[in-house]
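Sharing a structure here in structure tokens format.
Just so it is clear, A, B, C and D label the chains in written order, and each chain counts residues from 1 on its own.
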């Protein structure tokens, strides 16, 4: 199982370990974990809405693209939805390859593409009970994804 | 403690978790683990020789450079020496930051610079008992480190 | 066809999904956005700035010029903020 | 000064470290490499290709042109293969 879209938290370490277990052909594993920041104590929870079905499909497409671009020996992506508290994990990407260059590049590519293509939306609930507006997409995220386009 | 040069294996997951524990200001953690490949069953053990004192000093200098270049909230580097079996961990680098760009860049920088500057040498012992020559440095590693030089 | 709305598009429209039956002259995604925007105040608010509305036809991203003919599901949402 | 050898430099020289006392005309790291290379067969083998020998003075990387005066420890080794 390469991809999960789930409400539950995950064990990033166990997931990364599973990629290498019983194998001797992997030289490099890169794990990225995205966490919910507390915004200097202002944030109570983050609500993540998603488009069921499309979210899994888009992440699968991004994963397939990573496999096509780099010689990966393994890959794992988990993205949560629902209510997430400060300090909690939101997303993880782990990539395994023979050499570190491919593992690093693929992990960064996956995160950039997830940000740009996977249908998830975040809304912050403040510690004082008020609901903040929806988190706005950053132009830098579009730029991060664009740098992987092939000429 | 940011840096360890040690004979013992390490728990990469626990080390990465320690970077974020009790903190709400970290949005991204990147963990790299370098593993000993079995070379299609040919490898019995990898022997890693190091220059005690200088190894720690060079890694500390590389870590200081990473802190100067990126806004890191935490960093952990472990490099092993001695006998290492196929599938075992050799090195880990973990970086924590507010945003993923800094965490990814710093982790990759650290690995490239460790390869180029830290005084460690690898020798392979084959499964059939013979000792292979010392692993030769790759030109690609020099190139990987060089791309971080500032003009 | 089924229309689905997410995040603040959903909140402004006031529902998560509905069946819609646009007239024959509504050919593209952009046409549909304009048509929906004329429905009532909530829709008008949701689609007031078509440039920032993203759309998916049968769960694949599409551009405003895409033809909607044959699609079973169309979704409208703000730029994604996952990851 | 103390000389230290690592990896195949150590194996060819036949020892991990030793005290050395180069004459006054040995000014740079490159001079020292040439001087050591004339000691015996093992040293000659270790230092036969000075271009690939790396050196550290008091545990800091240095170039062949670096002056050795004042250093307490000099180390010679092949290109690093850690990480």
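Here is the rule we go by: contacts are C-beta pairs under 8 Å (C-beta built on N, C-alpha and C of every residue); 3 or more make two chains touch, one makes a residue touch a chain.
Note that this is a predicted model, so its numbers are computed, not measured.
Trainee: In how few steps can one go from chain A to chain D if every step must land on a touching chain?
Mentor: Counted as steps through touching chains, the separation is 2.
Trainee: Measuring between Cα centroids, what's the chain most distant from chain A?
Mentor: The most remote chain is D.
Trainee: So, what's the distance in Å between the C-alpha centres of chain C and chain A?
Mentor: Here the centre of chain C sits 26 Å away from the centre of chain A.
Trainee: Measuring from the mean C-alpha position of chain A to the mean C-alpha position of chain B, what distance in angstrom results?
Mentor: Chain centroid spacing, chain A to chain B, equals 23 Å.
Trainee: Measuring centre to centre with CA averages, how many angstrom lie between chain B and chain C?
Mentor: So the centre of chain B lies 48 Å away from the centre of chain C.
Trainee: Would you please write down the residue numbers of chain C that are in contact with two or more other chains?
Mentor: Correct list: 83.
Trainee: Could you say which residues in chain B touch two or more other chains, in rising order?
Mentor: 34, 100, 111
Trainee: According to the definition of touch, which chains form touching pairs?
Mentor: After working through each pair, the chains in contact turn out to be A-B, A-C, B-D.
Trainee: For the complex, which residues does chain D have touching chain B?
Mentor: My answer: residues 4, 6-8, 56, 59-61, 75, 77-83.
Trainee: Show me the residue ranges of chain A that touch chain C in the complex, using the header's touch definition.
Mentor: Residues 34, 48-51, 53-55, 57-58, 79, 90-91, 111, 114-123, 133-137, 141 of chain A touch chain C in their complex.
Trainee: Show which residues of chain A lie in contact with chain B when the two form their complex.
Mentor: On the chain A side, the touching residues are 12-14, 16-17, 20, 22-41, 43, 86-87, 98, 100-101, 103-104, 107-108, 111, 144.
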